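Provided herewith is a single structure, encoded as structure tokens, for subsequent inquiry.
Naming follows writing order (A, B, C and D), and every chain is counted from residue 1.
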């Protein structure tokens, strides 16, 4: 062949955080195909050291504004396990609602604002304001409602306020919840159907690339696992969340300020597509209808389909939110206070499915309730090795195309993962010396 | 004056009776330990046994934020925002908060009378209730007793599991018409002792303040005070305000709005160019205390502090107004006894 | 009105929550776009621009590359707005400055620490001239809208400089001290409408300190509520480590 | 008795509703100061005293107090001199003639001209302080026969900062005006006095028994001017001063301008010096 190719996309756009795509092919031999993470490291471990359990979630939610709710809930679960704080069923239900809201908002944002411009061949969502005003207005309406779920239940959609160890500092009013339910039923439901229609018309733009890999997500017996569950690998099955280190295996690579991860193969995938592959049997009717309409089948090995899997689970989040709201309203909201009396001081592990995949936090507390050791493993970090492996398979397959087209395919690939780079660059794995 | 006995069990019925005639605004529980005046929706939510509400009923006559006028930027024109009288029954007001409204009435009538405030003030009906002084109340020191009915149409004094209900005005008589209560003629009890006192009669305070301009207490208090302004903002007789413009996101219209301000805040006395006329916290504390006990008092003969204790109870640094005043008194006494 | 101002949005070291908050103006986004042209925004669009009228910048500066980029942005823009706690006062990132930087890097990357250069996290104003601030973590949306209308009208925005307690009292919130918590509201700059205390959470100080705060008075309050002196300063430093350097 | 029975029965007007008045003339005085001539609707007169002020507002921007610079004897319009100092004044300096501004006022207690009648009038103005004093100066010039000598001391940062230079030229040329000017920093072409305003006072030849003096300038100036006037032998009773404080309402309600027990917007801005001595915060 003898092809030479040299691609460098500096500060890739429409992703969260700073990353470069670098591809080098010399005389038909692929020398390099990787996503280089150049985001400045932030050293959250130094910040957590010695901080009280009240502050852990406030700090870790600042790892990432996009995934702030996910970090917060995961952090709270971790702290509660470490300190032996029981939470009520109402707290769990409200937290699940928050996660649904955050997943909806993040998946909609990604599909409409970051990915859709690729399908329509424009550089951003702004030209669509003029060319597709109804679609943009719909996207904004859906996002608003998803954010309002965050505002109503957790005080604020970005960096939520009310979720604290042991519960919530304020309980939303029944009337506010009723209003959310009404809007989910009357606005979100038709908007989701319309979204599926819009995407169906664009599905032709999704590349047909496939590569089977290991898929890792939470799984439990009673629902589409987002809030909790066992860790499940498509290769080796379920293990308990406390053994999460077996399922991550981090290592440092020179081209990335973020550490990489692998388990049974050279890489694995986390996120919406992994969840779909592992848990599609737990999704409801609307999600399955949407999946069928959009050509998402079980055991889908096309990473570009991650965006579609996000839309499918967004539909499920909306429906499950209505169910949770019904349940909360039927039980009557209790104005309960957070349980903040530790019964022990030790180590806790929390894992939650956040939009980009499975998120792990682990903290150890001293007997004054201050952090001595912390570790967080972020989904985007877990996906980085997989993205590099995808690129290595993809580039030779499309080498006949123009450089521009190859670049676009690569950019779209990275965007399909919806990577959250700022999250990925501060893995915490430190023993603090007291 | 007629007196009745209102059994506590019949309170919701009494509230409902009032609600049938007018809007009723009364104290409700809020948060974990606090109380607030709100329009009554459910009669059984009314709480008459409370130490103090977070904000006095001043918030109805001088709202925390108030639109003064709306403007249209494209036309460069405006319309004043018209206000309505608050035609409501204020149920369960403590004597010092009624007195505080009287102080504000003075401020907004004297000199150039202010339309917005005075319009809102028309038509209010007051049903007072006695209180049991807690560790912050000291209104007795400024001549306001817990069972003082001054200014009220009806006054309720707690007695056993109920209230002695006294009617003080024809409006009050109208209000209770049709509500059956046993008459009561055994008089009213006193409702408890104050735990906090200013140690001289209020009439002597101005003179003591006069001598206290350079007292050390100002600088000492300033070490603890963080200048947060809480003491101003919770005070029922504070009326200072600031004015801001709010412009709509379309940048075509907006409104001019006033909101409460406080003399403890640094920016309060800042002028363009950055000069702050009352930069030191010591000077700001003195100004606050003198405004309560000297400046207006010299003209009106009345203290502008009604002894509710809110500023002390709410101060995060636990700065006590009674503590400051008593310190001035004792320093003054010492100076008189032993001149330098 | 003359031509629409050209707006660019940039991010440095931070969580991008402030940028996300700009995309969260669902109800106002179309009105905002009617008044400005967005010419560069990496998180949302592909375009790059040579110069702009207003640059909104999120994040603090923590690598040599950041310093080069911010100087470049300053040269290209007429007005520079710092967006959010990281950009305005260093924010959460400033906490790492309280520890020796080498130690911190070793803790995270071990032997590989020299792969990635880093500096103490700096607020924008420590490197370039900042014209206006939108404070908060994430940046306060109401304040952003105020700044936006001010800039469109060609007037200087006023930054609030009173304590959060004021707004909290205007809303008649139950003070969180009453609920047994501690709160940084008394020395924290208002403008957020007391967002956190309004929903029962304590103020964490994300909007920075008021001018001339009485820090020893605040320390006393915190200590009285059960913190050690060290814990008290740690609380204060959560978002304000850079501004508190040497204050203790 | 219900509390309401103590309320006044009058129907008050809205104090915060401005009158829309048109700017008919704008002149740049210096790089920082701009002059405005403003006409009220239907040819109405403002009806003010020298030393009084108005609240000027621009919707969406704000409202601030400005001294009236023209003399009450000047009819048909009134004048302001505004220094660019912040948000509102910055926007003001970019306005065009024909723009309408919101005006409230006149407010405050101005110079009690009756007390000055028959006396020698000494004006001490520093910087922007000439703006309000110009009202008094022109009043005296228009009613020349009512007053004795007119002595003006004016200090400015530099020659470039001098305000109303055409009028200064007239005052300098007028044999009935004793005009003294100084600048803090003299430049190339400056032939006159150099030094702060207090340096003008010792050289004045005053009739101590029959002089009334009015002082206005930046806060820092007052104490030093007072010392100079007193060492000259001027009695406290013959001194008036115009003060500046933050104010929002102009009508004694908002509390910002309070100096001890006194409201600058009501009792001032022009104070009789003996009254000021009881106000520790004043100077």
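Keep in mind that, in the parts below, a contact is a pair of C-beta atoms (placed from the backbone, for glycine too) under 8 Å apart; a residue touches a chain by one contact, two chains touch by 3 or more.
On a predicted model such as this, the values are computed, not experimentally measured, just so you know.
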Looking at B-C and C-D, which pair shares more C-beta contacts? B-C
Chain-centre distance (mean CA atoms) for subunit B and subunit D, in whole Å, is 38
Averaged over CA atoms, how far is the centre of subunit C from the centre of subunit D? Could you give it in whole Å? 42
Separation of mean Cα positions, subunit C and subunit A [Å, integer]: 25
Would you please write down the residue numbers of subunit B that are in contact with two or more other chains? 32, 73, 247, 254
Two or more partner chains touched - positions in subunit C: 149, 153, 200
Residues of subunit D whose C-beta touches two or more other chains: 60-61, 86
Please categorise the chain-chain contact pattern as a line, ring, star, complete graph or other. other
Touching subunit C in the complex, subunit D uses residues 60-61, 86-88, 90-91, 94
Give the list of subunit C residues in touch with subunit B in this complex. 28, 31-32, 34-35, 145-146, 148-150, 152-153, 161-163, 165-166, 169-175, 177-179, 183, 185-187, 200, 210-214, 216-218, 220-221, 224
Subunit D-touching residues of subunit C, taken from the complex the two chains share: 149, 153-158
Quick one: which bits of subunit C touch subunit A in the complex? Just the residue numbers, please. 11-21, 23-24, 26-27, 29-30, 33, 38, 41-47, 62-63, 65-66, 91-93, 95-96, 99, 103-105, 107-110, 112, 115-116, 118, 121, 137-138, 195-196, 199-201, 204, 231, 234-235, 238
Considering only the defined contacts, which subunit B positions touch subunit D in the complex? 68-69, 71-73, 76-78, 80, 98, 101-102, 105, 107-116, 118, 121-126, 150-153, 168-169, 171, 213, 239-245, 247, 254, 256, 258, 261, 263, 268-273, 275, 277-278, 283, 287, 290-291, 294-296, 298-299
